[in-house]
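What follows is a set of structures for review.
Consider the two complexes below, in which chain A is the common component and chain B and chain C are the respective partners.
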Partner chain A sequence: MRVLGWRAVVVFALLAALPLVPGMSRYYLLLAFDALLFGAIAMSLDLLMGYTGLVSFGHAAFYGLGAYATAILLERGVQSVWACLAFAVVVVGLYALVVAYFATARRGIYFALLTLIFAEVVYTFFRYTQTFGGSDGIQGLPDATILPGVPLDTPLKKYYLVFVYLLAAYAVCRVVVASHFGRVLVAIRENEDRARFLGYNVARYKMGACMISAILTGIGGGIYPMRSAFATPDLMLWTESGEFIISVMIGGLGTLVGPVVGGVFFTLLRDKVSSFVDWYFIVIGLVLVVIVLFMPRGLLGYRKVLGFSQWRASG
Partner chain B sequence: MILEVDAVSKRFGALAALTRVSFAVAPGQVFSVIGPNGAGKSTLFNVVAGHYTPEAGRVHFDGDDVTGVPPERLNRRGLAKTFQITNVFPEISVADNVRVAAQSRAPESGRLASLWRRTEVDHLTRPLLEAFGLAGRREALARDLSHGEQRYLEICLALATAPKLLLLDEPTAGMTPGETREATALIRAIALERGLTVLLIEHDMSVVMGISDRVAVLHFGEKIAEGTPEQIRNDPKVIDAYLGGADD
Partner chain C sequence: MDYLVGVLLPQLLHGLVFGAALGLLALGLTVIFGLLGVMNFAHGELYMLGAYAGIAVIGVTHSFWVALIAAPILVGVVAAVTEMATLRPIYRREPLYGLILTFGLALVFREGARQIWGGDMRRILPPVTGSTPLLGMTYPNYRLFLLAASSILLLALWLFFTRTRAGIVVRAAVQDAQMLDGLGVNVRRVFTLTFAASGALAALAGLLLAPIFTVYPQMGVEMILLAFIVVILGGMGSMGGSVIAAFVIGIAQSLFSLWMNPQRVAIAIFGIMILVLIVRPRGFLGREGVLE
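Showing the complex of A and B:
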């Protein structure tokens, strides 16, 4: 409770009660699933973008690799949700270690480009080799099981899985940004060179932030096939990374909550507009332009876009 | 000797920025390096602070050879520096600026536990902010401070890492004469109180004369004189370097 703060507790309580809303159909539960999943991933990216000042254009690869990790196990008859997610953590963690090691050696646009290039390599491998089904990916997966004999088979159960994931990811991000480590991340965002002269091994902190962000994203990816029953290379496409970035921007950099709101907003907007018109991306684009022009700090931009706001009270 | 610079040379292409510069600083001293603009002061400073590796010569700090040791490791050994151009964390509060510096010396720094532990450092940062008159501005964003306040915050950041040796690069740059007098008196008082050794780089002679125990003079990358402020003031080579030669 203390980690989350009372406002977050209220919001999570409301989210937990969401399935009780009358008329909450299967369709809307799964839409809520998508929205919260997208929000949680945008939040994980915010740890990197908003707090550390590193823009990753390769988060789709963490997401997609997590999805493939689950799909590969489900396809081979390993159905435990927890085994799948643990495997996703290992796979994404190893890949992220390599990406983070090389990408954090460079700054600014070069960091963004390196993450993008790594992600494109992974995409190309999954898309153009037949190792994991090529462009079709892995389809027709069975339901995962929460415990032996308890299948994750209804939209309601799936919704609660994503709810728990969001809650856990939020708690992790909150603790990290309020910690000793989180303070250093903000210092790096503000002035990397000065942080070095204060005795911080900046590269190690940046790698740490990348790893945490990547692994949280990978777990989100690992959850996705448990709802969709497939994993395809398109999950790793750079446009997916772009959508994560957009969600962070819409919501408000460096706020954690903002990107969740941004991700939910983006998902709902896409769902609503795309059910009316085929050229829905034009509408979404216009909405985003308006937001960026008139609310440059995002939907939650009225709050201070600062890393340590909660520290201030203690000082 | 807490700091020994031994025959250090550094070139940038054809320019010999430093040629066999040597000096030694005793613990507790305020040691100043002066010289006209372009004399190599900043290069020397960056060599000592770990930013540049010299082509020749060694730097010893606190008994260890630290030549080419990167700045974050030098800082953890007890050497902190301030920057000539104010170099703080602009978008966070003054208090948070100093906190992130002060927590650098905490036991969990650089360890896994730093991921979940908050380091309480306000007992360290409060006296610093008070000493520099920034206590009333603790909640202001660093970028909103006046120039003089930012210069003080700059020094606070370095002091918060609890150094044995403090390197100050033209700490009074851009200050009015009144502010400069106040700042030099404050630096002297804090160095005494904390038993700090100070290496001060300055081009303004009037700043160093009042507070230095020893002064070295650089000119075109070479040390042309070293001694007490009194000896330096009367050294003909120094007078010549400042009044003739490179223009200041």
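Showing the complex of A and C:
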């Protein structure tokens, strides 16, 4: 409770009660699932982008690898939700260890490009490997089970799974941000060289932030096929990473809550606009342009515009 | 000997042809990066718009050659308007914003093209047909034309940047825009015109490659990654480096595809890239310390 603060408790209570709203159909429950999942992933990215000052253009790979981990197990008859998620953590963790080790050695645009290229390697691998379905991915997965004999079959159960994920991820992020470790991350964002001179092993802190962000994202990816019943390589395409970044920017960098709002907003916008017109990407692109031009702090970004001194110092 | 003439040589030429066109694309990207500090994610979409503008012009005039002049001009105008409306206000902000803004612009252009021209694959017929016997093999005339046209353009650009006042002004702006402003040059106009020119170059590359590749709204997405790789390999902001890197990547890609499937080729190219970023992030000719 104390970690979350009373406002967050109220919001989570409301989210827990959301399925009780009259007229909450199967469709809206699944939409809420998508919105919260996207929000939670944007929040995980914010830990890296907003707090550490590292813009990852490769989060789609963490997300997609998590999804494939679950899909591969479900396809082979392992149905436990927990086994799938544990496998996702292991797979994404191992991959993230490699990416984080190399990418955190660089800053700014180089970090963004390194994560992007690593993600493209993973995308290309799954896109062309027939064992994992090639470009079609793994389709038609069975329902997972929460406990032996208790299937995760209704939208209501799925909604609560993602609710618990968001709650846990938020708690983790809050704890990290409030800790000494989190403060050092902010110090690195503000001035990496000074943090190093103060005696902090900057590389290790950046790696830690990368790993936490990647694993949280990977768990989200692991949950996704339990609702969609598929995992495709398109989940790993760099445009997907771009959509995570968009959500963070819409909500407000370095606020944790903002990106959740941004992710929800983005999902609802996509759903609403796409039900009227099929050119919703134009609307989303324009929203992004308008936000960068006129609201660089995002919907909830009450803090000062990016203290990214390292971007400047290195330019 | 048969292997050399029948397999290796044509593939080497293919790589050279592709590298030259890639050079046109990457050159615009690297100049914009050096000048504005913006990694332009919408560059691939300008390349795509070039091909579609070409199709539109050919539809009206039935001439590839008219399109070759008109399409880059049209896309250049689009780029100039875009620069003035969206990029100009954010030059003073962090490069991150430019990255994200152009990502949004790319979405708009890509979806706009899909709405106007549909999502189908299209083709442009090569304006030059037939093939020429060359070094014991026969090689398609259009590819030879493409190689010649791109090389002449690259040479012209090199002359422009080294021998003309306008080119020197652009290079001065890359070095220190503030100082240039202080010397009384209208830097804003330099920015806009350079952005328009880089868009026109991308469009030209798109149209020149269209008879070899297919035209579809997503065509810029894959090219832009390759162009990024070229720009990093050459050294961000270095024009000469970009051109060299474009040929290296073009030839490497076509040689690799002799011995590997497309998946392994892509992964090999990415692998080279990761290695370069880790070991020598400033690439071939990049200035030391730039964004390392």
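Assume the second predicted complex is superposed on the first by the 301 of 315 C-alpha atoms of A that agree within 3 Å, B and C clash if a C-alpha of one lies under 4 Å from a C-alpha of the other, contacts with A are read in each partner's own complex, and residues count from 1 in each chain.
In the analysis below, a residue touches a chain if its C-beta (ideal position, glycine included) is under 8 Å from a C-beta of that chain, and two chains touch if they have at least 3 such contacts.
In this text, all values refer to a predicted model and were calculated from it rather than measured experimentally.
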Partner chain(s) touched by A:Tyr128 [first = chain B, second = chain C, both, neither]: second
Touched partner set for A:Val55, first chain B, second chain C, both or neither: second
Touching partner for A:Glu120 - first (chain B), second (chain C), both, neither: second
Which of chain B and chain C A:Leu288 touches, first, second, both or neither: second
First, second, both or neither for A:Trp238, with chain B first and chain C second: second
Greater residue coverage of chain A in the superposed arrangement, chain B or chain C: C
Intersection of chain A interface sets (partners chain B, chain C): 306, 308, 311-312, 314-315
Chain C residues touching chain A - in the complex, by the definition given at the top: 37, 39, 41, 86, 89-90, 93-97, 99-101, 103-108, 110-112, 114-115, 221, 225, 228-229, 232, 236, 261-263, 266-267, 270-271, 273-274, 277-278, 281, 291-292
Touch list for chain A against partner chain B, complex: 175-176, 178-181, 183-184, 186-187, 190-191, 193-202, 204, 208, 306-308, 311-312, 314-315
Contact set on chain A toward chain C in their complex: 55, 102, 105-110, 112-114, 116-118, 120-121, 124-125, 127-129, 238-239, 242, 245-246, 249, 279-282, 284-289, 292-293, 296, 305-306, 308, 311-312, 314-315
List of chain B residues in touch with chain A within their complex: 49, 70-73, 75-76, 80-81, 83, 87-93, 95-96, 99-101, 103-106, 108-110, 114-119, 122, 138-139, 157-158, 160-161
